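First the structure, which I've put down as structure tokens, then a few questions once you've had a look.
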Amino acid sequence: MKVIGIVDTTFARYDMASAAMDELEKTGTGFIFQRYTVPGIKDIPVAAKILFEDYNCDIVMAFGMPGPMPVDKISAQIASTGIMEVQLQEKKHIIEVFVHEDEAMDDNELSWLCDRRAREHALNVYYLLFDKEKLTENAGMGLRQGFPDKGPAGSGHKH
Amino acid sequence: MKVIGIVDTTFARYDMASAAMDELEKTGTGFIFQRYTVPGIKDIPVAAKILFEDYNCDIVMAFGMPGPMPVDKISAQIASTGIMEVQLQEKKHIIEVFVHEDEAMDDNELSWLCDRRAREHALNVYYLLFDKEKLTENAGMGLRQGFPDKGPAGSGHKH
Amino acid sequence: MKVIGIVDTTFARYDMASAAMDELEKTGTGFIFQRYTVPGIKDIPVAAKILFEDYNCDIVMAFGMPGPMPVDKISAQIASTGIMEVQLQEKKHIIEVFVHEDEAMDDNELSWLCDRRAREHALNVYYLLFDKEKLTENAGMGLRQGFPDKGPAGSGHKH
Amino acid sequence: MKVIGIVDTTFARYDMASAAMDELEKTGTGFIFQRYTVPGIKDIPVAAKILFEDYNCDIVMAFGMPGPMPVDKISAQIASTGIMEVQLQEKKHIIEVFVHEDEAMDDNELSWLCDRRAREHALNVYYLLFDKEKLTENAGMGLRQGFPDKGPAGSGHKH
Amino acid sequence: MKVIGIVDTTFARYDMASAAMDELEKTGTGFIFQRYTVPGIKDIPVAAKILFEDYNCDIVMAFGMPGPMPVDKISAQIASTGIMEVQLQEKKHIIEVFVHEDEAMDDNELSWLCDRRAREHALNVYYLLFDKEKLTENAGMGLRQGFPDKGPAGSGHKH
């Protein structure tokens, strides 16, 4: 039984964690969830570390929604740097699912984008846990989470 | 008995630490404070580390007020990076309560903002110590500390 | 027998990994590959660490294609910082082969650039593993991977 | 007997270290100095680490003068990041006394500013070593080193 | 006998390493060189670490030439951050000799600048190894490597 850690925030304006858990439950079995909610994105890394070390997680999904101001962009960079550090300390993946509030034109698009990105990254988590070969099949294919895939740039010759 | 560390600075223009301690005392019991004041925000991380290791703190609140100049923004980024590092070394939360001087229009708004943000983050500290479930109930709800909450972007379906 | 780790992403729009492996196979023998595909560039560092520690790699090539937006540039910086950290933890080289999507004018140039850069860096990997002297011969010669070499600026006197 | 480490550079355009040592000697007793001069600010962190570990320092003052160009600002950021790291490794304070060359209008103001900031931070070092309570008395009071204090923004209620 | 590590790149457009070694040989004796050439500046930190740990170096000189584009500036920052980290891990100095390609107006000035900066930093390496007092004599004197010294800003009173 794999344990999937879920870290999210009260700052974000959409419940991406529930969307991702819903998608994972539709996709397969063999895992349980451990969820840990923190105030903001800079609180995520230590929560992820606690999930790995005290709750035995095999992988963590980290959901956050950085705001539109320069100070928010810096916060996102610091949060991501911490998420990177925890991955290297634990030698386990953290899939960062951040939706920047200014990626969307309005609240409708924002909630659509959050839902899609959370669900598509949930599939990446599933592949990393149970089917890594699936990712290599799609290497260099210009996949995106949320907005449409960009696709490959040209005639790459697959190995 | 939990120990809440308090780090603040002589650089800041409002005594946010006292506001937070006042709010925490109104909210509940079961904790004591350890306070450590440093000159500026870049001195905060090592003070937080000392509070965790030598004063047995379970969580730390870090209060700072970055100035409005580019050099101040860089200082805030370095301070936050250090705060992140200490959290990962100690596997404990540091709730960073920074008010950028240019978030407010004038001194009146600045002191109001400092007071509100300190008090609302004090509640986050209380929940992290004693009632984590309360945070998960508010996941994705667009909460803010100081200025009004932004609220959820749309129809998230809670788990 | 040397083991060359290959990390690439489903986000990139060209299969640079296959180009590099093809070039290495044309160049020499004495090595095998271990490939690990992840969703995006920020997932690369921990994958590289896993390749070093669990798959016995002697060197890793990391292929990524940062997008054109500011948020993508920050992601590239965080990924590179993690790649740096893994190198210092493992005391082994990771050759980072990043092609920024906005380095090329169109998709044709982009795929040409990806292919060239991957192949030229594959040779650097070969030299680092088997013929370090070759690199010292070219010290200060203004070599580039992908676009044409810039050449030396003037009359440096070689040692 | 406390040991105060002093790191400064040949790049800076004012001998801030001597000003700080002069101020400390006027202020009190119970300490000696260990001085280590390096070429530039990016050489400061490892010098500070050597002062802590090989010369038994209890605190370090780090004096630097970043130039006015973007590349200088990046150097200052890297130096400060290293200074942060050393503090966390040693669990001891490093008081960073940087004067950016473009903070002053001309050479006269620059040397005045360097002298004042060095001396006022020397007092902070004294308080951290011998009288921490003095800092808490001034928490949130908007103190500055060099230019005039900004003072508190409004009616903070002290604890 | 001291061992001076030399790391340089095939990316740079001038052989700064040879200039520095030439200058050191003119200056004194009591040292030997270990040279390690890598493709680009982001490959420098791990090479420096290898020189310290496997080739017994007492100090390392790191030569690099960041290009003029924003992506090059970020690479330089990441390289410098890694160089900082290695210094703190090894408790030894790495003297970073970077010449940004856009510091010079043309190729002639660029090669002149590279040669001068390499030679002047070679002297700093000599002083750090054999005559630290020489650096303290020049503390706060506004020394530069390459372009002319700026000199002290005003009447600093030396200790």
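Note that the chains are named A, B, C, D and E in the order they appear, and that numbering of residues resets to 1 at the start of each chain.
In the analysis below, a residue touches a chain if its C-beta (ideal position, glycine included) is under 8 Å from a C-beta of that chain, and two chains touch if they have at least 3 such contacts.
Here the structure is a predicted model, which means the values were calculated and not measured.
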Set of chains adjacent to subunit A and to subunit D: B
Degree value of the rotation bringing subunit A onto subunit E, based on Cα positions, nearest 5: 145
For subunit B paired with subunit C, centre-to-centre distance based on mean C-alpha positions, whole Å: 41
Geometric centre distance via CA averages, subunit D-subunit B, whole Å: 25
Multi-chain contact residues (two or more partners), subunit C: 77, 81, 85
Topology of the chain contact graph, where touching chains are joined (line, ring, star, complete, other): ring
Sequence of touching chains round the ring, subunit D onward through subunit E: D, E, C, A, B
In the complex, subunit E residues that touch subunit C: 8-19, 21-22, 35-39, 42-43, 45-47, 49-50, 53, 70-71, 74-75, 77-79, 81-82, 85-86, 89, 107-108, 110-112, 114-115
Residues of subunit A that touch subunit C when the two form their complex: 73, 76-77, 80-81, 83-85, 87-88, 91-93, 95-96, 100, 121, 124, 128, 132, 135-136, 138-145, 150-159
